[in-house]
Amino acid sequence: MGGEDIQIRHLTVKFPAREGWSVAVDDISLDLPSGQITGLVGESGSGKSVLGMSILQLLGASAKVEGECWYEGKNLYRAKEKELEKIRGGQIALIPQNPNQSLNPTMRLGRQLREVLRLHGNRTGEQGRQYVLDLLRELGMDRPEQIGRSYSFEMSGGMNQRVVSAMGLCGEPQWMIADEPTKGLDAVLRRQVYHVLKEISENRIRSMLLITHDLQLAWKLCGRICVLYSGVLVEQGGGSELFRNPLHPYTRGLFESLPAKGMHPIPAPVREKGEGCMFYNRCPLAKERCGRERPGEYQPEQGRIVRCFLYA
Amino acid sequence: MIHYCIRKLLTMIPVLLGISIVAFALGKLSPGDPAIEALRRIAVEDPTAEQIEAMREEMGLLDPVPVQYGTWLKHALSGDLGESYLDGTPIGAELLRRLPVTVRLSLLALFWTLLFGLSGGICMAWHQNSAADKVLSGVAVFLLSIPGFWLAIFAIILFSEILHWLPTSGIDSWRSYLMPSLVLAASNIGVTARLTRGSLLKEMGQHYALVASSKGLSRRSVLTKHAFRNSLVPVVTLVGNYFGGILGGSAIVESIFAVPGIGKYALDAIYTRDYLVIQGYVLFTGATFVLVTLAIDLLYAVINPKIRLEGGVR
Amino acid sequence: MRVRRSTWILIGILAILVGVSMLAPVLAPYEPNAIDMSRIQEGPSAAHWLGTDNLGRDVLSRVMYGGRQSMLLAVIATSCSLLLGMTVGVVAGYFGGFIDTCLTIVSNIFQGLPGTTLMIAIAGIMGGGIDSLLLSLVLTSWVSFSRLARGETMAVCGENFIEGERSVGAGSFRIIVRNVLPNIIGNLAVVFTTRVGRAVLSVASLSFLGLGLQPPTPDWGVMISDARGMFRSSPLLVIAPGACIFVLSMCVNLLGDALRDYMDVRSDAGFDK
Amino acid sequence: MLEVRELTKTYGSLFGGKRFTAVDHVSFSLARGKTLGFAGKSGCGKSTVARMVLRLIPSDGGEVLFHGTDLNRLSQRQLIPWRKRMQIVFQNPEGSLDPSRKVLDSLMSPLAVHRWGNRGERLERIEQMASLTYLSTELFSRYPHQLSGGEAQRVVLCRALLLEPELLVLDEATSMLDMSVQAQTMSMLREIRQKLGLTCIFIGHDLDVLRWFCDDLIVMHQGRIIEQGPVEEVLTHPKAERTRAMVESFYNWE
C-alpha cells in the first residue's frame, strides 16, 4: 500500500472556445502525497475535475494540456498510450461521478467488473470471480452474485455507486481518484458514499484524491485540502487546520456560505476583473495591488500555502 | 421479454388491417368497371346494361362497402386475390411464386447494407476527422445521392456490356443477384454508414466510455466491447425503415434488370392496367414488410437488455 | 456562428441549378420540344453543346428545362408533408392520451407500407402525372415529419419551462406556438432538407418508370428513360440529365448536413467546463 | 390562506399493473406570510404535492382551498386569474427557461398572458423586479445557455415575481447550485420574502437550509405526512422514527 507521490508541475489546461481558448486550469503546481487523502475543493467551473482527469489523461482530444505530472519517474502527460493503459485502473483508478451513467447499459455488471481483473492483475477464472464477490460484499452488498448478473439500470444509484467503487478497486491500484462522488445525492446516499470511501481508505487504498464541492465530505475525509477558484489553486493546507482557520478570502467566503454557518453570501462582483488575482472583483479585502499583479504562493505557517497578498 | 413480444404482435394487427384497407381502397379507386372487365374475360365484348348489372350483383359490387371489404378480406386471407384481367391466372399464386425472388434480392441487399454500412461507419468513427474519414464520408454522400436507376444503367454498361463479368438480366444463377442487390443497397449503405459513424462517436463520448478507458482499456477495446453494441441501438431501429426502402425500391431494380419478382409483376401490371395485381402487390409487400419489421423488433430486444427485461417503451 | 465556406459553395451550386431551371425559357438556346429530324442523335457541336436526341431535340435546352417540374413538385410536396406531419405530430405529442394513440396507429399504418410501393401503386392506379405524384409524395413522407415532431414535442414538454408557462396561465395554443414550435423547428428543417432531396429522386425514379411525368415533358427522369437504349451510341443523353439529378440531390443532402451541424453547435454552445 | 385537504395522487398503467400512490391523503394549512418546508427522501411525493397545489397536474382527490376557493373545482379558464397569485420555481435552472427565446422575451411572457399594461409599463415592471433579484439588464438580450446556473435561477425567480404572486413555491430551487451561489440566492430570497410579504412553500433536502428559511416543516415518506410542526421543534425533537433517522443521517455520519 502507498505507492509514490504524484507531482504536478505548471499544469495549464485549455479548451477551444468560440474565440481563442478558455483556460480551465491555470498554471497549477501541486504535490499529492501518497498515504493520505487529498481533497480538491471548488465550485463548478473551478477546474477541479479537469485537474483530476488530466492525471489519467482522459480529457479528450480537444483539451490542450501543458505542464508535467510525475508519477514513478514518468511524466504522465507525455506518456505513451500503452503505458497509460497500464497505469489507468492498474496504478491509478477512478471512481467516476454520476455512477448511473458510468456503467455500460448493455453489459452485465459482473462482466464489467471482471474486465478490470483481466487487464490488471493475475486473478483468473474462479479466483477472480471470488475476489469480485468478496469486494462487493465488503462494500456492503448483500447478494453480490445477483449483482453480477444484473444491468446498471436495474440498480439504484447507491448500488451503482458501490459497483463503480468496486470496479476501481478491482485492479488493486496504488492511487484512487474520486470525482465528485456525492454530486446530486440526498443526505442518506451521501452518508453511504462517505462510508464506502472511508472503508476503502482505511482498508484498501491509502492514497486518494477526492474531487468535490462538498465541504463537509472533504472535511470528514481529507488529510490535506486544496481549494481551487476559477482554475487557480488559492489555498492548500492540512484538513483540520484549513477548516478551523481558512486564510484566503475566497475560502473564508465559501465556508461562510455553508447552510450550517448561516449562508452568508460572497458578495457579487463589485468591481471589474483586473489583470491580477482571480478573486479581485469579489474580494472584500482587495487592495489596489491585487488588481494589477498576480499574487504568488505565500507560506504564513508550516504546511499552508496561500495565494493572497494578505500573507505576503 | 414475453410481454414485449406480445405487445409487438398486438400492435402488428391494426397495421396489417390498415394496410389491407389501403389495398382495398386502391382497388376501389382504380378506374374501369370490374364487372365489365370480368365480362370481357368471359368473351362478352359488348355487354348490355342487364349483363353488367347481373355481373355486379354476382360479384357483390352492390353490397355496402364494408361488406365488400369483409368479403374481399376473407378471400385475401385464404390466398384468393382474384384473377389477372390479362390472362386469368390467379394473382395470389403468381405473387407467391415470385415472392422468394424479391425476398432473396431484398435480403441480400439488406446484407450488403449492414456489411458495408456498419464496417464503413466503424472505419469512419475509428479514424475520425482523418483523410480516410473524409473520403469515406464523401463516398457515403455519393451513394445516398445517386439515383438508383442511373447507377443501374452504368453498372449494366460497365459490368455486362464492356467487361462481360455479370449477366445483364434474369436470374439464372447467384451472379445474377449480385448487381441488382448492390444497386438496391447503394443508398442505404450511405445512410447506414453515416448513422453508424455518428452513433458510435456519440457513444464514445458517453460517460461510461470514459470510465471504461479509465479502467485501462485501449481505445479499440472501448469501441468494440462497449460502444459498438450501444451504437447499434439506433441503427437497428432504422434497419426496418431501410428494409422498407429496399423492398419498395426493388420494383425499380427488378424492372431494370428484368428480375421476375413481385415488383416487376406489379409494374408490368400497371402498363396493362391489371389493377387487381397492383392491389395484391400492395398487400403482399405490406405484409412482408410488417413481418420483417417484427423480426427486427425482436432483434432489437436482444441488443437492448432494457427492453428485454422491462419491456420498456420504445 | 459563421457559415462555412464549403456551405456557401453548396448554396452557390444550388442557386445555379435552381436559377437556370427558373430562367430556362430565357436561357435555353432552343425550344425543348422542337423536333428536328435532320439532326438526330448528333454529338456535341457549337450549335448543340450537348448534342441532340433521337428526335433531334437539343439536349442542353431539355436539361435546362428538365428540373423545373420535379424541383417544384419536390418542394411543394415536402412542404405539404411538413405542414401535415408537424400539425399531427405536435398535437399528438402535446396532448398525448387518446389522440396520441389514434394518430400513432395511423402513422404506423403508413409506416407499414414501403414508400416506393405506395407511390408505384398510387401512380399506377391514378395514372402518371403531377397530381398523382403530389399525392403519393405527401402520403409517403408526412409520417417522418409527424414522428419527429411528436418525439421532439414530447421532449420539450418534459422540460420545466413548459410547466412554468402553464403556471403563469398561458393556454395550450400559446404554448405550442410560442414555446414548442420554435424549439422543434430546427430539427424539422433538417429533415425537410433531406426529404426534398429524396423527393427529387423519387420523382425522377417514377418518371423513369413511366409513372411520373410523362413524355414529351422535358424532365430529367423522362429523358433518361427515353435514352436508356441509346447509351452506347450517345452516352450524353443519359449522363447529362442523370448528373443534374445527382448534383442536385447531393447538394441538398450536404446542405442538410450543414444545417444539422449548425443546430448541433447552437445546442452545444452552453458547454462550459 | 392556503388549506389543503386530503390531497391524493395515484399513478398506474391503464391496463392494470402496479398502481402506485405518490401522494396519500395529504392535508396541511398555511397562513399568510409564513413559510412551510417540505422534507423527505427523493421520490417521497413532495414535488407532486407542490405541483398539485398549483394544479400543474390534476389531483385524484382532495381539495386545495386558496382563499376559500377550491382550485380543483375550477376549469382551466376559470383558473387563469388565480394562476398569477401563485408561482413556482423549479430545481434545474437550465430547463426552466425556453432555450429558443432571449431572457427578456421569457420575462415578458407572463405579463403578456395576463394582458398587463403596455410594452413600456411591462419593461418598467421587469426592470423593477430585476433590481430586486439583482439581475443586470445586460442579461436581457442573452439566451439561456449563455447564463450561469445562478443567473438563470434569478431570471426564473424574477419572472415568477412579475405577477406579484402571494404564494411562491420553491421546488428544490437551490439544490443544483454551488454552495456560494446557493447562499447568495437564499439570502436574496429571504430579503424578497420580507419585502413583498410572500407566503412560501419550500421543498428541499438540506436540513440546514430548511431550518434557516422555514417557519414550519412537513416531513413526508412514501406519499404520506409523517410529521409536521415548527421547524426547530421537528428537527431538534423528532417524534417519528423516520424523521429521527433522517436527522441522524444528515448530522451524524458515523
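List of remarks:
When the chains are written out, they are named A, B, C and D in that same order, and each has its own residue count from 1.
Quick note on the criterion: contacts are C-beta pairs under 8 Å (C-beta built on N, C-alpha and C of every residue); 3 or more make two chains touch, one makes a residue touch a chain.
Small disclaimer: the values here were computed from a predicted structure and weren't measured.
Each of C-D and B-C has its own count of C-beta contacts, and the greater count is at B-C. Centroid distances built from C-alpha atoms place A farthest away from chain C. Work out the mean CA point of chain A and of chain C, and you get 52 Å between them.
Chain C and chain D have CA centres that are 48 Å apart. Chain B and chain C have CA centres that are 21 Å apart. Shared interface positions of chain C, i.e. residues touching 2 or more other chains, are given as 269. Residues of chain C that touch chain D in their complex: 159-161, 163-171, 174, 178-179, 182-183, 267, 269-270. Taken in their complex, chain B has these residues touching chain A: 206-208, 210-219, 225-226, 229-230, 303-306, 309.
Contact residues of chain B toward chain C in the complex are 11, 14-16, 18-19, 22, 26, 29-31, 141-142, 144-150, 153, 157, 161, 241, 244-245, 247-249, 251-252, 255, 263, 266-267, 269-271, 275, 278-279, 281-282, 285-286, 289-290, 293. Note for the complex: chain C touches chain B at residues 105-106, 108-109, 111-127, 197, 201, 204-205, 208-211, 224, 228, 231-232, 238, 242, 245-246, 249-250, 253-254, 257. Every residue of chain A that touches chain B in the complex is listed here, in rising order: 56, 58, 81, 85-90, 93-94, 96, 98, 101-107, 115-116, 119-120, 151, 153-154, 164, 167, 171.
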